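In what follows, a structure is listed as structure tokens, so that the remarks can point back to it.
Lettered A, B, C and D in written order, each chain numbered from 1.
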Amino acid sequence: GADLAAYCLMLGDDALVLAQRLTEWCTRAPELEEEVALANLGLDLLGQARLLLTRAGQADGSGRGEDELAYWREEHEFRNVRLVEAPNGDFAHSVARLLLFATARGALYRLLAGHPDPVLAAVAARGVLELAYHQEYATAWTLRLGDGTPYSAARMQAGLDAVWPLLDELFVPHAVELRIGADPSALREPVLRTLAAVLAEAGLTVPEARPLASVGGRAGRDGVHTEALGPLLAEFQVVARANPGATW
Amino acid sequence: GADLAAYCLMLGDDALVLAQRLTEWCTRAPELEEEVALANLGLDLLGQARLLLTRAGQADGSGRGEDELAYWREEHEFRNVRLVEAPNGDFAHSVARLLLFATARGALYRLLAGHPDPVLAAVAARGVLELAYHQEYATAWTLRLGDGTPYSAARMQAGLDAVWPLLDELFVPHAVELRIGADPSALREPVLRTLAAVLAEAGLTVPEARPLASVGGRAGRDGVHTEALGPLLAEFQVVARANPGATW
Amino acid sequence: QVQAERFEAVIAAEQRIEPRDWMPDAYRATLVRQIAQHAHSEIIGMQPEGNWLTRAPSLRRKAILLAKAQDEAGHGLYLYAAAETLGVDRAELTEKLVSGRQKYSSIFNYPTLTFADVGVIGWLVDGAAICNQVPLCRCSYGPYARAMVRICKEESFHQRQGYELLMTMMRGTEGQRRMVQDAVDRWWWPSLMMFGPPDGDSPNTARSMAWRIKRHTNDELRQRFVDMSVPQAEHLGVTLPDPALSWNEERGSWDFGEPDWSELKRVIQGDGPCNAQRVDRRRQAHEDGAWVREAALAYAAKRRAEAAR
Amino acid sequence: QVQAERFEAVIAAEQRIEPRDWMPDAYRATLVRQIAQHAHSEIIGMQPEGNWLTRAPSLRRKAILLAKAQDEAGHGLYLYAAAETLGVDRAELTEKLVSGRQKYSSIFNYPTLTFADVGVIGWLVDGAAICNQVPLCRCSYGPYARAMVRICKEESFHQRQGYELLMTMMRGTEGQRRMVQDAVDRWWWPSLMMFGPPDGDSPNTARSMAWRIKRHTNDELRQRFVDMSVPQAEHLGVTLPDPALSWNEERGSWDFGEPDWSELKRVIQGDGPCNAQRVDRRRQAHEDGAWVREAALAYAAKRRAEAAR
């Protein structure tokens, strides 16, 4: 019960927070086709988040719904990795983050598609398809920008350099993950290999950046985030919280 | 009572919201001396806002304190002009807004220094001195940027062009102002003359922009703002609202 | 001459002019202007509601709003494509939008101030757009007419979602009801102005009607919108901010007050509450994205060069 | 040689070296590095608390925080001025900071996650800074010593305000008490690490002490800080996150656990939670402000040219 709930929150919060970052692109994308595509990715992740949060509220016996969990938890109760909460930066920066996340999350969902919990298994099974598209989209843009103009290559490399220290957190297993989910450390090798292949094709360098340090051993999965999450949640939750008891 | 309260809210919200915009510059100013100066301007305005909001809470008989008024009103209850809520833009844009506001508010405070309400009179009397410094600071930078490099002159002109449509709202009298305060339409002429002199000395052009339209005749003084105020308040109020009943 | 007669005959027979058909220059120019404005309106129209995307108060509403924004970008794409069949390209039209040389619907120059505005835009603004657009599904220019069919279908879906949001809010807390009424108060008159100036002030209407680009006058459409909206407002439980609103038994229609045309004029001239903001945002996105579009072109050129080798 | 003897004599007599006095190159270099790091720390140190400026939950706290940020910018100014007396200029030092070639206190590479962090930074971080800095008021280099006198006075004011905020929060709601404890849990160990590595690992300490730049070893200062903080924590009602903390009757001091020096190393090497963010923000401000500084210089040059005419 508690472990399943905690695990669903981790994965659900990853999807929810990244969906929020993607929606920030709306009306700011470099091209209309990208407006459509980024909204689409956001909708996929939002859909996953809704199912996972709902499942978390059932599994922990609290009966909290998706909205109660999304809008009424405090920052330290969010369990997402720090990668997804980082500000968008420019388009290359967002593409770099998406590439890392989609590659890793797709690999994880493949492992989870056979999970004993039917909801988690269903989210993962559909998620495999969705994330494959996200990965393809991010890969296509990584290639275009990496092998486009010298300027775009520099931006893409800078974006990768900026997000790379946040990648490792996806592979550091939390006790809950080991008990109920899949061991994410098993993904490190294959994901890094996939990413290295994409970067090689794009003419980009695999960053040497070391992982971002945690705070006394605690990071996103423990509710210890970066300074980026607070303002994101303030905006995300403001209307819901200004109207307690309201239905929408 | 009600009129005095409403009037104090108008002036207090102007100061409060502009103070918030000025604090956004903290750690982002072009030079350390500007960090010090902008914080100083923010502190002056915040001090005025605290006295005026406190007075409003007394005058309307509600007994609401400065924090209750600052943190627990909704957007449509804020009575500031739209000029002060506009995003900062670049340094020139912020200087332009400050020049307009300080020139107009200083002139108003001179009229109000003899107001029958002793609190309002005291705020105005001290405010005259404070705003004189703000005006001087903004004027000095307008000259430096206007008569600095070609690039800075272009930025300064663009900043002025952007804020100019918001100037007129400071001179459009609200019924409450006519009943209890000073008629701000009397300030239009002298303020425009002062501004024109500064711009002439700086080699800048007085913008021809027409005033920003209201919404069905309602604007900031009626609680009908721009889209900039909501996000500003969301950030401003988030911690206070997340902790109802807390003292700080 | 023969071509002109053939053109007139097609129009008279209520058939479609297609891209390769001959058409009068003025017909083409009118269509380009109208389709471009319409496309721009879809794209700029993403902003007022997009303002609430990150703050939508439930995940379901966030998903609905995001899907709607996506639809609008898609509508923009169809419409720019329809314009391209007339020999202009999207980049050129975008350039005209961001430099302020082409307009979009003035309604989007009003601010969205609460989440209720999202619902009211769905109900009234999309509602007015549908009144304007349904007749365009029978427009004489084929690509535009076909784009409108698809767009109208999605728009009426958006309108229902907007109305449903308002119904939910009206059944909610006191604060929610207040928000809805306030939003209606702010959007009602601008919505009426979406149909353009009164017929007496609309010099191009006659020609557009003759060409079957337009099917009804501004005032006819405005009346239709009012007649449709009044019972919906009653059902919702909100008051429309027009004391002159009253049922005219004789006409079988609602009488209503005169919009403030001087306000419309100011907004059209560029002094509306959000004109500068809307165009700036679009221009900023366009400029910020320039290097990305260039990179994509450079990449595609490299791939083509490789394939040609 | 005579100069060197005179220098040593001044140091031995506990008198001050002044800018025009002769000094060994290594003394000068050590001071430049230390004063620059100290100045950078004041400026970067504005960020963690500045993060809560726009969100301060009462107007009084907002004013206090804004005044503190202002003081810190002021401290940065004094210290850069002190460094300039040694023949380096501020622009050069800023360049080194934003390019990552000069460090600042590692403590500022931790995130501030709730408003309680503002109080804990005042209490612990400013407290540790004061332990480090009070002896510097007697530093052998005159301009630095005098800057420190002024800075220490303001810092202890900030420390009292931080502690007072925490007292207020501890008397408040359950949520506020939780925030305070959580902040203490996160900041305690990093605060201990502010005194630098253990003495055995601090090769420059001996020379700095001989020169009267430093007056106490890292471990001495750390012990003083722990002894000062433990009763304050008790009075506040928070638990310090160190199970090894216990009163040592014999030493008349508190025993405490070993900080995670490998974490400190990672943070110093640039991999702390906020290193990149802090330097980026400073660089961004510096770059965004370049045209403003240039304009001011150009304007001043024009006025000088006019005056010379």
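In the analysis below, a residue touches a chain if its C-beta (ideal position, glycine included) is under 8 Å from a C-beta of that chain, and two chains touch if they have at least 3 such contacts.
These figures come from a predicted structure and were not determined experimentally.
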Check your understanding: So which one's got more C-beta contacts, B-D or A-D?
Key -> B-D
Point to revise | Inter-centroid spacing, chain C versus chain A (mean Cα positions, whole Å) | key: 35
**Study point:** Intercentroid distance (Cα basis), chain D paired with chain C, Å
**Key:** 57
Revision key, fill the gap. Among all residues of chain B, those touching at least two other chains are 234-235, 238
Check your understanding: Can you list the residues of chain D that touch 2 or more other chains?
Key -> 55
Review point. Taking chains as nodes and touches as edges, what kind of graph is this: line, ring, star, complete or other?
Key: other
Review point. So which chains end up touching which?
Key: A-B, A-C, A-D, B-C, B-D
Revision key, fill the gap. Chain B residues touching chain D in their complex are 16, 20, 23-24, 26-36, 39-40, 42-43, 46-47, 49-50, 53, 66-67, 70-71, 90-92, 143-145, 147-149, 151-152, 155, 235-236, 238-240, 243, 245-248
Check your understanding: Where on chain C is chain A touching in the complex?
Key -> 43, 46-47, 50, 52-63, 66-67, 69-70, 73-74, 76-77, 80, 115, 165, 168-169, 171-173, 175-176, 281-282, 284-285, 288-299, 302
Practice item. In the complex, go through chain B and note every residue touching chain C. Key: 75-76, 162, 165, 209-216, 224-227, 230, 234
**Study point:** Parts of chain D lying in touch with chain A, wherever the complex brings them together
**Key:** 51, 55, 110-114, 182, 185-186, 189, 241, 260, 263, 266-267, 269, 271-274, 276-277
Study note, to complete from the structure: Seen from chain B, its contact residues with chain A in the complex are 74, 231, 234-235, 238, 241-242
